[in-house]
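Chain naming follows the written order as A, B, C, D, E and F, and within any one chain the residues start at number 1.
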Amino acid sequence: MSNILHTVNKSPFLNQTLKHCLGRIQSGDSVLLLEDGVYAALSSQPWAMLMNPSHQYYAIKADVEARGLGEDKLLSHITLIDYEQFVELSTEHSTVQSWY
Amino acid sequence: MNKPKTKKLLFLFRHAPYGSALAKEGIDAVLAASAYDQDLSVLFMDDGVFQLLKHQKPDDIEEKNIINILSAFTLYDIQSLFVCQESLAERGLRNTDIAIGINIVAHNTVSQLLSQQDHILSF
Amino acid sequence: MIFSLAIYATPSVQSSDSAYRFANALVAHNHTLYRIFFYHDGVYHGSQLNTPAQDEVDHTVRWQQFAKQHNVDMVICIASGLRRGILNSKEATRYEKSAHNLAEGFELSGLGQLVDAAVYSDRLVTFGH
Amino acid sequence: MSNILHTVNKSPFLNQTLKHCLGRIQSGDSVLLLEDGVYAALSSQPWAMLMNPSHQYYAIKADVEARGLGEDKLLSHITLIDYEQFVELSTEHSTVQSWY
Amino acid sequence: MNKPKTKKLLFLFRHAPYGSALAKEGIDAVLAASAYDQDLSVLFMDDGVFQLLKHQKPDDIEEKNIINILSAFTLYDIQSLFVCQESLAERGLRNTDIAIGINIVAHNTVSQLLSQQDHILSF
Amino acid sequence: MIFSLAIYATPSVQSSDSAYRFANALVAHNHTLYRIFFYHDGVYHGSQLNTPAQDEVDHTVRWQQFAKQHNVDMVICIASGLRRGILNSKEATRYEKSAHNLAEGFELSGLGQLVDAAVYSDRLVTFGH
């Protein structure tokens, strides 16, 4: 079964990229937030509604910590991962699509 | 190394022309790929649909008309051209606004296109 | 698995750094990194004149060391590179430029190398601007 | 009287910059769309509502024409200008603020 | 050339730290300006408010902590620091999330700040 | 009126072109252009190695001709420039680099030149990335 790892590296407060991505993900796909994309992991934001619970959501831990986003501020269904797990995810999905 | 199997490559255009060189450099990549006997598709989505508009006249900003470059796709035998219908509609654009022959596809087909690829090259 | 990376970002955005960390994690996992293709503003990584401050990361040297250690092919798109002032000595001579600046370990070549990387790799990961 | 010429050069379909700008303009200010910012001149878009009629709105004609945006597609209250008029506007306002 | 009158300069930060070098290079510009005996103000707005967050730990991405650089503002006697209250609220951030001493200002004051300047330097 | 421009954009985005057209319109209106300050990724404009294709605009040469004709000061931030590989011969020697690439007509100087431009100009117009 073919599935896509979507990466998003832009702040959703500045850029519509996350919205464009979330509108196109399909069953089996996952989303990885990195760089300024990790601001999308902040809770109580409108796009949290767009995050379908049937998908997996990840964020790069180093990017979250760099930006001072404490765990109390983050959406609970987003899993923090390191770059080695990013590599693993890219092998577990058949394609990687970068939304930038 | 053995000759690998033919790969399905999708070139995905999400950015408007002229604002940056990305659109043009993406098209250059498609033209380069056409020489490699792979299974190529091209999809215009989000602001990428602006590349397809009729009546572009970039002479005064000293850029090359991106429609002229896109028209080379036919010469290079690149046939699988798609544009996201939803992206057009969001921007208030109609089928008649498009300058080249292309398949206008709905959300379902866009999803299929994305999921069928070996690689997506995003510009 | 066989990976290739496509880097379109200038060294001044974090995407450049993410690509480097991803590349390191790849080889740590014993995957093969077939090629890194620098395109669009990513070609700026290949200038040996890049001179960051002492307390800043030297992106160019870091990639050089990585590529040497892991025997990775680093290709700069020749058309993108020329346009942005990344020249080897051959191109400098051809275009009658007074200097060349392509850093050792990087190679100028055509867009075909991006396509070839896609064909030979199981995964192609893009790091955009 | 102090007033600002605001310039916006990003597509509002991709970037929130126009929204950020429109939320901060004041009496006497003007807005100039240029480069990919001219896509904001397309009619029937949500931000048209945010464009307060008490301000002046401009777009660089060369950028509109480059992108193939015919007059029939444009908001009627946006004035197309050239770079010399851009210079004039920047002298007629006390400051130029670039939203990019 | 006569010595010109003191100018009112606003440094406006609208971008998040680390994603690009813009935030850091903007701060460098503020520090340079502090030597010129002008009337300086600094305003953090939109994603620029993210520069002010406590608990930033950019060691693992090999960047300098932007809070340490911003703290130099005090040493350079840059006192007029403002942050847009609305931008904080939109991002779900509270006063207690901010790492440095700064004036939290509402929409009206932001508007005044913008309109009172001789120049706005936007980063 | 006295104008200065601040350019933060790479030559690969249209903002670079807008700045050039604005500068031309300025002088056509008999305004004074006190300084053009290249900062952030805008410093890439100052490389004499930039080699666009024959049918593409040469941003560097175009600015050089403009500055010469209208006697305009073009300053590249030295810190931003070094970081991004834009060096004059003095800096190349200091950092033991094999070449230098700063184009004639551009000058490397400190951020103070941006502040000075703001102080001496009636209008400062920024062309961001």
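Convention: a contact is a pair of C-beta atoms (placed from the backbone, for glycine too) under 8 Å apart; a residue touches a chain by one contact, two chains touch by 3 or more.
None of the values given here were measured: they were computed from a predicted structure.
K.L.:
In contact with chain A and with chain D at once: which chains are those? Just list them.
P.N.:
Both chain A and chain D are touched by B, E, going by the contact rule given at the top.
K.L.:
Show me the overlap between the contact partners of chain B and those of chain E.
P.N.:
Output, common partners of chain B and chain E: A, C, D, F.
K.L.:
What chain lies farthest away from chain E once each centre is taken as the mean of the Cα atoms?
P.N.:
It is B.
K.L.:
Using only Cα atoms to place each chain's centre, name the chain farthest from chain F.
P.N.:
A
K.L.:
Once you count every C-beta pair in contact for both, which comes out on top, A-C or D-E?
P.N.:
Result: the pair with more contacts is A-C.
K.L.:
Measuring centre to centre with CA averages, how many angstrom lie between chain B and chain F?
P.N.:
Centres of chain B and chain F (C-alpha means) sit 34 Å apart.
K.L.:
Based only on mean CA positions, could you tell me how far chain B sits from chain C in angstrom?
P.N.:
25
K.L.:
By residue number and range, which residues of chain D touch two or more other chains?
P.N.:
Chain D, residues with two or more chain partners: 9, 13-14, 16, 35-36, 62-63, 95-96, 98, 100.
K.L.:
Multi-chain contacts in chain E: which residues touch at least two other chains?
P.N.:
Those would be 18-19, 21-22, 46, 61, 118-119, 122.
K.L.:
Quick check on chain C: which residues sit in contact with 2+ other chains?
P.N.:
Correct list: 8, 12-14, 40, 79, 123-124, 126, 128-129.
K.L.:
Would you please name all pairs of chains that touch?
P.N.:
A-B, A-C, A-D, A-E, B-C, B-D, B-F, C-E, C-F, D-E, D-F, E-F
K.L.:
Applying the document's contact rule, which stretches of chain B touch chain D when the two form their complex?
P.N.:
Contact set of chain B toward chain D: 15-19, 46-47, 50, 53-58, 60-61, 63, 90-92, 99.
K.L.:
Enumerate the contact residues on chain B facing chain A in the complex.
P.N.:
Those residues of chain B that touch chain A are 12, 14, 45-46, 110-111, 114-120, 122.
K.L.:
What residues of chain F sit close enough to touch chain D in their complex?
P.N.:
Residue list for chain F touching chain D: 1, 3, 8, 13-15, 18, 21-22, 24-26, 28-29, 31, 122-129.
K.L.:
Can you check the complex and tell me which residues of chain F touch chain B?
P.N.:
Touch residues, chain F against chain B: 12-14, 17, 55, 57.
K.L.:
For chain A, which residues are in contact with chain E within the complex?
P.N.:
For this pair, the touching residues of chain A are 9-11, 13-14, 35-36, 39, 42-45, 62-63, 65-70, 73.
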